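Here it is, the structure, as structure tokens.
Chain nomenclature is as follows: A, B, C, D, E and F, assigned in order of appearance, with residue numbering initiated at 1 for each chain independently.
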Amino acid sequence: MSMEQGKAKYDEVYGEGAADRLLDMLYGPGADLGRYGVEFNFGEIYSRPGLDLKQRQIASIASLVNIGGVEPQLTGHINAGLNVGLTPGEIVEVIIHCVQYAGFPRAINAINVAKKVFEQRGVA
Amino acid sequence: MSMEQGKAKYDEVYGEGAADRLLDMLYGPGADLGRYGVEFNFGEIYSRPGLDLKQRQIASIASLVNIGGVEPQLTGHINAGLNVGLTPGEIVEVIIHCVQYAGFPRAINAINVAKKVFEQRGVA
Amino acid sequence: MSMEQGKAKYDEVYGEGAADRLLDMLYGPGADLGRYGVEFNFGEIYSRPGLDLKQRQIASIASLVNIGGVEPQLTGHINAGLNVGLTPGEIVEVIIHCVQYAGFPRAINAINVAKKVFEQRGVA
Amino acid sequence: MSMEQGKAKYDEVYGEGAADRLLDMLYGPGADLGRYGVEFNFGEIYSRPGLDLKQRQIASIASLVNIGGVEPQLTGHINAGLNVGLTPGEIVEVIIHCVQYAGFPRAINAINVAKKVFEQRGVA
Amino acid sequence: MSMEQGKAKYDEVYGEGAADRLLDMLYGPGADLGRYGVEFNFGEIYSRPGLDLKQRQIASIASLVNIGGVEPQLTGHINAGLNVGLTPGEIVEVIIHCVQYAGFPRAINAINVAKKVFEQRGVA
Amino acid sequence: MSMEQGKAKYDEVYGEGAADRLLDMLYGPGADLGRYGVEFNFGEIYSRPGLDLKQRQIASIASLVNIGGVEPQLTGHINAGLNVGLTPGEIVEVIIHCVQYAGFPRAINAINVAKKVFEQRGVA
């Protein structure tokens, strides 16, 4: 697990300096888990070859729609999706696609999260 | 909901004549649900523009990894993924990507399903 | 999937003109999913014979208690239950019944949603 | 929690002497949990007024469809549904109704469990 | 199911008089479920020998992290954990341990709940 | 993430040489995920101070009971629990404790897994 690689990949997704800003904010109980998030999720998983970042964000958004009740993470990953080049329309399609598996309540809740992110960023 | 469109899209994913073979096999309690699967899932959702079939299979596989306990459907959608052009390596990457969200037990169970499909089809 | 039939059934559950008001409110990312909700859920599923609307609301409320984290939908379906003739006492019984399967945390959260709906409608 | 009441209600659902046969079979690690199942689930929850046994079985079956991965319990409760007077058609409708919330994979798996129960009992 | 025993055990976890205060607050739809919580959860399950209260709180907290979307109950059980002698550090470790199974989103949400409880109680 | 540390901790839980035997068995699609399991789960998470191995196994078993549908992992972790010194009685208590949160179906399925492990190892 490489923090170096994790920070580089995290910045590639969330923008120059984002990992350092995240790590600076981490303290107390959540600090280690946040660090694993950068090191393992970004330094290992996201850094693997075989899928590009748009494909990875499709998988991340679909995961969170199906888990349900994880609105903060869904907000983050919809933003990440836009950052790496998914269009708002593609993100909406991923969520609608998941209604077959996740059912209507979770899909509708996810669409409402997407709507808020799009409004905040002024995209649609 | 169009059965016509559903059959066409289902055949595009599973091969010429697959929808008719499925519908012929359906009888009794499961028949209506199977028909909705073709009409709604394939005639509506899969037929929407905005994502190609490879992107849709990434979202489907990620969904099923996260739901857990749906091995028959995961088997079907890993096969579908190969049918529409995802490589075995890409499918494995989608499953490994989901470990961040679904946890290790569900990701490992999903990898084992993929392994069986790849062996049956002689791909790896 | 019939929008006509979906609107008729939706209005039967939520009151004269409710479907048109819902559809008028839908725009942007959530519009298609909302439309599927009317067409598929109400135009197809709710319109099937074999269960009356009170039985369907028992199944809907039980589903949402077990899924968890879908308070907006649970609020809607508890209202719908009252609309189609379930008593507050019957709705509470459905939720308490589900504690065997859903566990205490989700059952308690659902009871608290019911309590709010009953207070808003001045029933108990 | 009354074992007496639990046995009476359990027998009302599963047939004369069923609770004694269950309790005789329980030994070792599972014994206490099985006893709680009779005492709490049947002696308390199922014994509450406010819903009849057909309504309770609708809620139980809907719960298990949405939880997923609990085929033995779904088998038991579909049998219980038939025992208390739900028709096979009504049980199928409950499962199909839940597709809106549980998604297609779990609904399809549940229908297949129902199919097996109906075949074993020679009903359809 | 013994209310007497339930109240005694509940008070052992939450402090002298806590069960009476809880039961006094219960009225209306939630009352019976709250009573079962004291009688069954505390009068039966928590009162069983074989695990001490610290071990039981480890199991409770791990359960709630994995279920997700049950923040009020997690808040209660993290408080209970501190009450029975788990240190803040041990509670954080239980949550971090669960990341393997529950995935990052649910573990991070749980850590944030713990952080709030620790701040309210002035521990860390 | 240290493979060295992961193997040492894995062997501490599963016995001398267990990690090497596991890693030798890994090939193809599952290999990387298995390696992360050793490196991240055992090299990082299990290797953290703050909880002993018995406490960690309580949290692991509780997690798997609540997730449901992960019998292979539950089998592994019940074995691990016995390996690190939990008694069969303590493991049963953890599972029964979780019935409050996971509901009866998942708790009963978990007890049946425990029963099989205990029989295979000739403990009770």
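Simple rule for what comes next: contacts are C-beta pairs under 8 Å (C-beta built on N, C-alpha and C of every residue); 3 or more make two chains touch, one makes a residue touch a chain.
Not measured: the values here are computed from a predicted model.
K.L.:
Starting at chain C, find the fewest moves between touching chains needed to arrive at chain D.
P.N.:
1
K.L.:
Count the residue numbers both chain A and chain C use at their shared interface, divide by all numbers used there, and answer same if that is over half, different if under half.
P.N.:
Different, since under half the interface numbering is common to both chains.
K.L.:
With centres defined as the mean of C-alpha atoms, identify the chain lying farthest from chain D.
P.N.:
A
K.L.:
In terms of C-beta pairs in contact, which of B-D and A-D ranks higher?
P.N.:
B-D
K.L.:
Determine, among B-E, A-B or A-F, the equivalent of interface C-D; equivalence here requires over half of the contact pairs to be the same by residue number.
P.N.:
Interface equivalent to C-D: A-B.
K.L.:
Average the CA atoms of each chain to get its centre, and name the chain whose centre is farthest from that of chain F.
P.N.:
C
K.L.:
Based only on mean CA positions, could you tell me how far chain D sits from chain F in angstrom?
P.N.:
31
K.L.:
If you average the CA atoms of chain E and of chain F, how many Å lie between those two points?
P.N.:
23
K.L.:
Which chain A residues reach two or more other chains?
P.N.:
Where chain A meets two or more other chains at a single residue, that happens at 32, 36, 40-41, 48, 64, 67-69, 73, 92, 96, 99-105.
K.L.:
What graph shape do the protein chains here make by touch: line, ring, star, complete or other?
P.N.:
complete
K.L.:
In their complex, what parts of chain D are in touch with chain B?
P.N.:
68-69, 88, 92, 95-96, 99, 103-109, 111-112, 114-115, 118, 124
K.L.:
Which bits of chain E are touching chain D when the two form their complex?
P.N.:
Listed in rising order, the residues are 1, 32, 36, 39-40, 44, 48.
K.L.:
For chain E, which residues count as touching chain B in their complex?
P.N.:
Touching chain B: residues 99-105 of chain E.
K.L.:
Quick check: in the complex, which residue numbers of chain F touch chain B?
P.N.:
Going through chain F, the ones touching chain B are 28-30, 32-34, 36-37, 41, 64, 67-70, 72-73.
K.L.:
Taking the complex as given, what residues does chain D use to touch chain C?
P.N.:
40-41, 45-46, 48, 50-51, 55-56, 58-67, 89-90, 92-94, 96-102
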